[in-house]
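There's a structure below that I have some questions on.
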Amino acid sequence: MARITLDEVNGLDAAGFVARFGGIAEHSPWVAERAAAARPFDTLTAFHAAMTSAIAAADEATQRMFLRAHPDLAGRAAVAGELTAASNVEQAAAGLDRLTPAEMARFQDLNGRYAARFGFPFIMAVRHADKHAILAAFDRRVRNDPAAEIATALAEVGKILWMRLLDAVVPKPCGRLTVHVLDTASGCPAPGMVIELLRLAPTPVRLKTFVTNADGRLDGPALAGAELEAGSYELLFHAGPYFAAAGNALSAPPFLDRIPIRFGVANPEQHYHVPLLVSPWSYSTYRGS
Amino acid sequence: MARITLDEVNGLDAAGFVARFGGIAEHSPWVAERAAAARPFDTLTAFHAAMTSAIAAADEATQRMFLRAHPDLAGRAAVAGELTAASNVEQAAAGLDRLTPAEMARFQDLNGRYAARFGFPFIMAVRHADKHAILAAFDRRVRNDPAAEIATALAEVGKILWMRLLDAVVPKPCGRLTVHVLDTASGCPAPGMVIELLRLAPTPVRLKTFVTNADGRLDGPALAGAELEAGSYELLFHAGPYFAAAGNALSAPPFLDRIPIRFGVANPEQHYHVPLLVSPWSYSTYRGS
Amino acid sequence: MARITLDEVNGLDAAGFVARFGGIAEHSPWVAERAAAARPFDTLTAFHAAMTSAIAAADEATQRMFLRAHPDLAGRAAVAGELTAASNVEQAAAGLDRLTPAEMARFQDLNGRYAARFGFPFIMAVRHADKHAILAAFDRRVRNDPAAEIATALAEVGKILWMRLLDAVVPKPCGRLTVHVLDTASGCPAPGMVIELLRLAPTPVRLKTFVTNADGRLDGPALAGAELEAGSYELLFHAGPYFAAAGNALSAPPFLDRIPIRFGVANPEQHYHVPLLVSPWSYSTYRGS
Amino acid sequence: MARITLDEVNGLDAAGFVARFGGIAEHSPWVAERAAAARPFDTLTAFHAAMTSAIAAADEATQRMFLRAHPDLAGRAAVAGELTAASNVEQAAAGLDRLTPAEMARFQDLNGRYAARFGFPFIMAVRHADKHAILAAFDRRVRNDPAAEIATALAEVGKILWMRLLDAVVPKPCGRLTVHVLDTASGCPAPGMVIELLRLAPTPVRLKTFVTNADGRLDGPALAGAELEAGSYELLFHAGPYFAAAGNALSAPPFLDRIPIRFGVANPEQHYHVPLLVSPWSYSTYRGS
């Protein structure tokens, strides 16, 4: 289904809103019903916050009922083809439709012990995980304190809601990606460094090529507004030619040459600042601000 | 020509040594003649040091004559097919056999100005460079102080000799690659993180897959001895699943997931230690010891 | 009271052990009684683990009773002079005996709300905190989920027990402090750098002065065994003279000159590795391994 | 002598300018004479650039004569009390007026060898150095290539001129100090962290205390304009209370608590950006932009 705009979201009447978004929270249209009153939403982030706030404001019995409305991972519903469409896509993305018999047995065992301990199924935002990471988390969480585990499960629900909302609504084009390169060998911004920007999924595509300016930055955002979509990216910094041109003594081949920084954009309404602090022999990066 | 061993190098008589290695220093067999006396060589690094020491010990007139024995980059000799085999391979690796007319004109101009200023041709270890980086360095070096430029040219010769020696002699299998992962969010080594090791050239090949032990290290070197060849490598750290399994709150997709660290090994007789200091939102690496 | 050795701890009969350590866990000699059976203790770390395991193994009612045995911070017992000696020292170290009337009122309000919500007093290892940090934590924790707050309170108890045990028993002299300096401008260990080591409390005292060796390390541990006591230290790295002597172009004064790294040693039975990665314009440190 | 303003500098006639600044370049009023024509100077940085450009534009014989006009370090002129006032202050700041006989002998030996090799005395901006670092640099530079050593000596002269100009003229109040704290454990700016700012010399004085805002920054520059003087500073980041209040699990005492970052401001007309990237177990800083 095509994504609609925030203006369209805000223009729906209450019934239309619930018709459209009642299924975002698994089998729980009441979440959308309560969130509807918080409109208008300036951002998809605000829409999401209205959904998670509605859940947080519910009493514990309602929260438990809500958690129980979720399917097991790799469970009977999946085997029987009874998942919601969204759950089906998510579980397949994590490879849960292609388990070995031993893995399937391990999931069934964990599903059983988890449900016995907490009274609701194990919930995890699996779209970007793999089965090994899921099993490791499952194994850790099944031993959690019950109250801590409700909090963890609700946090995972929050991530699932966010990804489902991103599939349904066009985010506000207010995000951007910016880049900065500092040469820590010379203590100044790194001018004239070539940087390639790639989108990694579904297949790697080079989006743009930049050259840093005198302040070690690009002349504008690397990506801005609708250009910045949720997903995985790579910045490829041509550090070797930069240091060679600057006269640094390098080995052949240099220890550092093309430096790839891969990062995920979860919320395209935010600002992602990705700095590179680099000498010929070391580098650091972090999510900046 | 097949590479020979250090034992074979040390077993050659003086004439045989010069016959074999007289061409390593461009048109200057005297370099090998003088280096021969420093045998036996325990390592290729020692062999190389004997060659560069012979050049450093020569008087300035001899050094200038030696520098003059080198061909221009993208110069008449290249066009006329009169390069030594080694120079030909090196210039082609940098793309200097495929210049546009404008680039060719720029090289001729720089070659002329450089020779007029310094009295010898521009020398640069170009096998791992590209024409843009070479032109940037050329443009910077043509304005160097003459004495500083002799030192720079001899340093580049040192790198060229090293790469030619690596083509001719099997290095001593005493090098190794080691890896260490520290979780800076929890202040402890990162156990259980999957790490893939790839050789990048000529085409990327995955060599091995590791899992860090309780000390955040591998149980032995990632590569040791003859396994560690000169060239370009990538370590791919599976940080996302590690942090997810450890219970860190991550976005979906996580900001950091697979972290690639690409690095070059110039001297396979050395120890390359590549640490990763990583939190869910930042990382650093450096050539350690 | 003078500290006793682990051998003496292990040699006590059960009654003697409880007589000596029954007061470590606030008004709760049963903790020591249950821990006694885990002897012999090879380390103070093991002794501490036996105490915290005894608490963790208790049922929730016992745990709550145990938590209720603790005094309020800045509460009635403190005002009335009815604290245990240990609690009295700890609260005074944090300045809780010198509150303004407004601060006192804020503590009373938080104490009341906290007790009403959780049924036990607010517990925090305050010996190294100050009243502002305590109030900030108090304010955050009073809104915690009840189960999460029990876990947090027990974690704080663990820290309090550790500090009380350190006052009562000589730790095993198996810890050490090591140091490493890497020059990230040149990609190699930093030899010949002067490093001063200071103990900071009760008043700063210079303990030793070192010079790094060819591997950028000290020739042995900076502190080892009984020399490494719990407390606060500073390493003062003379980076400016190192880089000046190495020929780096520096400003006057240099951006970085003497670099102080201050760190706390909580458990003197552990290995503290403190590396410095440094260029003339940047540095990093971390707890290494 | 009181410092004058840039407006006053620009208002001087040529004779007045040379009368005032002819002594800045050691015994070489021609440097100021040639720099005078570059007025008006918008900044002291521009004034300094005019002086160093005048020297760089001179022919080599003039440059050598200029270098020869400098006194030996710890040399005959110093012993005889014949230094210029500026040189006298500078050499005393480095402790060169308080050498042991062995150190004095080492200086005389190096002075002799250096002059014999290069034909001019050893020049170094010593005001922020100590005798050990000076001797180490001396020992390295006496073996330099002659042309490289002229370049090094002129670079040191540039630093000496800068410090003398700072003593003579009020810089333009266009510099500033800014600070940023990023929490790399949580991937976001660190709000609410207390930061103390100290001036370190002549004796440590606390200048200001800040609290970071929601973006991990201060609401304005920490120092701006005339407040930012050349010299040494310390930022003391209260990281321990920040992480404790944020609910991170810390040891007692924490590994990191108060984090001091000491840095030098050489040019108060510039922007000094000092970021702290910090987790409970690691931190980095660098000169940012």
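All chains are identified by letter, namely A, B, C and D, in their written order; residue positions are counted from 1 within each chain.
We adopt the following convention: a residue touches a chain if its C-beta (ideal position, glycine included) is under 8 Å from a C-beta of that chain, and two chains touch if they have at least 3 such contacts.
According to UniProt, the chain labels map to these proteins: A, B, C, D = 2-oxo-4-hydroxy-4-carboxy-5-ureidoimidazoline decarboxylase.
As the structure is a computational prediction, the values presented were derived from the model and not from experiment.
Enquirer: Most remote chain relative to chain C, going by C-alpha centroids?
Expert: For chain C, the chain whose C-alpha mean is farthest off is B.
Enquirer: Shared interface numbers for chain C and chain D above half of all numbers used, same, or below, different?
Expert: Same-residue interface.
Enquirer: Where the CA atoms of chain A average out and where those of chain D average out, how many Å apart are those spots?
Expert: 46
Enquirer: How many angstrom lie between the centres of chain C and chain D, each centre taken as the mean Cα position?
Expert: Chain centroid spacing, chain C to chain D, equals 38 Å.
Enquirer: With centres defined as the mean C-alpha position, give me the chain A-chain C separation in Å.
Expert: About 36 Å separates the centre of chain A from that of chain C.
Enquirer: Please list all residues of chain D that touch 2 or more other chains.
Expert: Answer for chain D, listing residues that touch two or more other chains: 184, 187-188, 255, 277, 281-282, 284, 286-287.
Enquirer: With touch defined as at the start, can you tell me which chain D residues reach chain A in the complex?
Expert: Those residues of chain D that touch chain A are 180, 182, 184, 187-189, 215-216, 277, 284, 286-289.
Enquirer: Which residues, counting only chain A, touch chain C once they are in their complex?
Expert: Touching chain C: residues 145-148, 151, 184-188, 255, 277, 279-282, 284 of chain A.
Enquirer: Show me the residue ranges of chain C that touch chain D in the complex, using the header's touch definition.
Expert: It is residues 125, 127-130, 132-133, 136-137, 140-141, 152, 155, 159, 162-163, 192, 230-232, 240-241, 244-245, 247, 249, 251-260, 262-267, 281-287 of chain C that touch chain D.
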